[in-house]
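Note that subunit A is present in both complexes that follow, paired respectively with subunit B and with subunit C.
So, the complex of A and B:
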């Protein structure tokens, strides 16, 4: 590896005004710093993925062991109703959960940034603190709170005399899961947006204030546009997160086994295929199809935002 | 409401600033929503299993049972909870510490050195965040079981060392926090590149490093999927998998009868305390680190 760097480095560094000997030494040092990370990345990321791509092309048979079947697992996945129902469900989940979470996070960040609220530090921490709570524990807590028999919401509803909403029933389950995820990640997104707001130069606001712009106007015309790139990042992370929904439904399954089936979300489906059904080959194909959906979704979103900003 | 105050502009600490009551009330209401489950957790941890099901969930019952619950949680099943707590700590510290160091080295390398493939490698690593967890975890499990690493602590630590977001943050941070002139000066003094990193650069990277460390710590501490598939031996479980197991046993035993329920609740409370404290104390670090990350997207 070092042999190729020695010859390649000067060419890459040609525009530099430094002496070639120094840049060559520099390039070598650069590789040295990057190498440990890249080795672990290769071993823990690239190799397993390549291996999965390879064995997704096989099928395990009772007689004859693994047989090469080409893209058969993928054709099966593309026609698999259970998988596409799950993908449809996480799409719906995304459409419910992400707008609520990001609008709330944006509103909180803007409100805190005005400096007009009391106890701003305390409220900011209170909103962020769920991020430090493991998803498993968040789901356990909300599972108790949702409980139809002894959960506090049910107790209140009963005391007031109204019907107890069935949070864990088939109609409300997706909303109940969305609420857990909103609870966990709104604060995290708020902190990112708040950090981005702090970086906007104060002169911009002062100039706007001199021109007679009020807080609403400043928020709408200066603050939100300057948050664009931070919002895009939040959005991409949200797309990836919602399509990979796993922990919350997997744990809710013990409370509502009839509502959450083994293919409730694509990740849950792949997990059950692999570790309950031992269908590793097909599970790998299913998770690659999911990866493709995530990739297409993220790029479609980035493409759309780029086009809009150019217009 | 706020539109009537054109002169207050930004300046949060300007004396003239008039506070808005409506905005304050709205924010406190929001904070209450985010604190509600945690409040419930504290209340529930203080109840006997009978009271847990028979008294109002959001207020304390007469019988304060918290310390007894803690004792029960820590001693149940020969103190397996303490074992889980120790495992979680071990996995989180090893993975986060190692991962943050790798990210700092590589982030600095990507930011400050020109070499062929610099940008390509960086973009490939960033693209990795799109890969679904199952797509990676299934083959990792198969590889690890073939080389005998499944069902060992390495199965959790090694995959968690890869931290693309940490690498991104460290690169952005190194670009702005490490002046080139300082590196040149150190080189003229004859310091080796490694020595420059450990004696000069690492100190400048400290706030960014703390951010990456803290978020990696949370990530490993909260990880559920990877240990769920990798580990069979309950002695190796982290807290997340252990509590989910207790919860499963409690649910299987029939919701209202399980004596395990108070243990799940109290165990949850005990396991979130360390992270909440870490975030409160390290606020200054992770917030400044995130600012630098958010500015340069």
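So, the complex of A and C:
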């Protein structure tokens, strides 16, 4: 976001000194173009957000009505062990899942980009298809595959004579969830990376080839460095996605209710606070705390990558 | 002064002050006015009963909305009620949810609309379930789930095990069966099925929230009656004599079909449910009364079943109240529910009707299953009371007692934790908590 505003501002300012008339008309046209978006953005995003922020400053009890409590909900959230255990869990999830997914996506993108694979289009589509499967369906499908009694993995393990891994047990659950998310989103990230690779000028490859670089060398020294901004985008999406993990654990909860509790992930916690416990105000505060954590995480990541590139 | 979000929402909210008594003339007048009623229900095929109502009252049109079953339905209902618009006139409400919606003043007392006269038509426990602590009538019973035991006659016969009549016999049978066939468990304890556990407490004579009234919540999950239930299931699990699989999942359906469980301790709606859920086992099942704590007794309880409730926000209280009463008391409507939707009836007329009780179900080897549950209906204790925060109570059950039983941990200690959690939550929500 910051990058676009920085570059856009001077570009808009420069012509305005030369041709003010035309620009004013253009500006008006520009506003008209963004107007539909802005209306929806305000109505569906800004207003609910502001309302939720306001809402989070109250406390409504089933008995005793509604009172303004200032930041009391936030104080409670910062000391809420259930919330922070959940945040810790999604951090761990992020550390396991995102590297695997991005390395796989990168490998697929590079492999397809070499043009050496036959059926590149079919392969690309095949890798992308899981993303087109709704998350709910994907989770139900994986839930069946993981099944301890009748799931195919269990049956294979039994046929081979090894113990059945308890995919839905407390030890493996996070990994099982990570596997579903990797399956769902590798193709999506691959498409982003692949598109970025197509934008690399062919001259660079020719020059490298003249200098005697092989495919590995080209991949390492040209392709991967030029993917940096695309990787940053994938990474930010992944940070947000990991911290907001909801569908997968919620659906898995019916299969493993004693492993996935109501506060397993922060989003699941906020949902259950609101719709099981009727603690709507506190749920709003929890959501804002989660938003803050995501903001800090994303910003820290951007800050780290920017600083490294400046060196 | 603070303008609060809720106060804002309340402005758009329309609540009816129930008149002391609505006269026959007022009712007739209202039923002649063209009116549209919204009805939220998940019962498949309810269109038939609705059509009967529309036939009887041609000016009233009923729109049926399926907003999900169980928790998703209640979450949407609450959201609509809070938003101040979009809530239906009449909604499906399970018995255990009545106090949770009554405490937030979302239900209409049906007494002024003549509901009080209906009491003699219903089995006693069902009527007492819809009656509020102040004598209000919060809903009209639609179906019930008196508890019995479905068992696989072939499995028990194969191992020479008699149908257990007491919980002691049941535990012995569990051990014998486990020894005879390590692939089979006598039954399954679903760790997230708070409703089953509540039915076990109910049968045992525990009434954990009994005496709760409005802002005063009484909790007693550590009474001897409650404790023996937790100890019993905890010990069966510790000795690996029962399965502890989550229910209503693919694996559970598979297990019912493959004969992993030799019994299912289940209510009156279960026999029909099993006919399709475990179709491959047709003819192998039979039904017996619930095992007893004391030999020779006949005490049962209830799991599930539901009601039609009128929401306090309705703009058509008379039409809504008449509708709720009609579909659940009109003879043709209740007959259709019992024989076509297979909802187990709460009305005495049908429970005493040989056309209903005499049905011989092939799936159960020709047994007269309805007659058995009709007898059980009269042995359900009447005074069992639900908490006004029942969703939270069930969620906390799974996190404490359910998990303890599943993990072969101390289930009795988990009862204390369950109670502590409910207490903490209830106090946060402004209730005054007292031990009962």
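We adopt the following convention: the second predicted complex is superposed on the first by the 287 of 311 C-alpha atoms of A that agree within 3 Å, B and C clash if a C-alpha of one lies under 4 Å from a C-alpha of the other, contacts with A are read in each partner's own complex, and residues count from 1 in each chain.
Assume a contact is a pair of C-beta atoms (placed from the backbone, for glycine too) under 8 Å apart; a residue touches a chain by one contact, two chains touch by 3 or more.
As the structure is a prediction and not an experimental result, all values here were calculated from the model.
Q: Putting subunit B and subunit C on the same copy of subunit A, do they fit or clash?
A: clash
Q: Examine A:306 and indicate which partner it touches, taking first as subunit B and second as subunit C; both and neither are also allowed.
A: neither
Q: Tell me the contact category for A:66 with respect to subunit B and subunit C: first, second, both or neither.
A: In the superposition, A:66 contacts subunit C only.
Q: Where does A:221 make contact in the superposed view: on subunit B (first), on subunit C (second), on both, or on neither?
A: neither
Q: Output check: A:75 vs subunit B and subunit C. Expected answer is one of first, second, both, neither. What do you get?
A: neither
Q: In the overlay, answer first, second, both or neither for which of subunit B and subunit C A:294 touches.
A: first
Q: Comparing subunit B against subunit C, which has contacts with more of the residues in subunit A?
A: The partner that reaches more residues of subunit A in the superposed model: B.
Q: Is A:150 touching the first partner subunit B, the second partner subunit C, both, or neither of them?
A: After superposition on chain A, A:150 lies in contact with both partners, subunit B and subunit C.
Q: Touch check for A:256: first (subunit B), second (subunit C), both, or neither?
A: second
Q: Check the residue A:278 against both partner chains and state whether it touches subunit B (first), subunit C (second), both, or neither.
A: A:278 sits against subunit C, while subunit B stays out of touch.
Q: Report for A:55: first if it touches subunit B alone, second if subunit C alone, otherwise both or neither.
A: In the superposed model, A:55 contacts both subunit B and subunit C.
Q: Residues on subunit A in contact with subunit B in one complex and with subunit C in the other?
A: 51, 55, 144, 147, 149-150, 254-255, 275, 280
Q: Using the touch rule from the top, collect the residues of subunit A that touch subunit B in their complex.
A: 5, 8-9, 11-13, 16, 23, 25-34, 36-38, 40-41, 43-45, 47-49, 51-52, 55, 104, 108, 111-120, 122-123, 125-138, 140-142, 144-145, 147, 149-152, 155, 183, 186-187, 191-193, 195-196, 198-199, 202, 205-206, 208-209, 212-218, 229-230, 232-233, 240, 243-244, 246-247, 251, 254-255, 266-267, 270-271, 274-275, 280, 283-284, 287-288, 290-291, 294-295, 298
Q: So in the complex, which bits of subunit C are touching subunit A?
A: 2, 4-7, 71, 75, 78, 82, 103-104, 191-192, 214-215, 245-246, 248-251, 254-255, 260, 388-389, 391-392, 395, 398-399, 402-403, 406-407, 425, 428-431
Q: Applying the document's contact rule, which stretches of subunit A touch subunit C when the two form their complex?
A: Residue list for subunit A touching subunit C: 51, 54-55, 58, 60-68, 143-144, 147-150, 254-258, 261-262, 272, 275-280.
Q: For subunit B, which residues count as touching subunit A in their complex?
A: Subunit B residues touching subunit A: 2-13, 17-20, 23-24, 26-28, 30-31, 33-38, 40-41, 44, 52-54, 56-58, 102-103, 105-106, 108-110, 112-116, 118, 121, 125, 128-136, 138-143, 158-159, 161-162, 167, 193-194, 197, 218, 221-222, 224-225, 229, 239-241, 243-244, 247-248, 251-252, 255-256, 264-265, 268, 271-272, 275-276, 278-280, 283, 287, 290-291, 293-295, 297.
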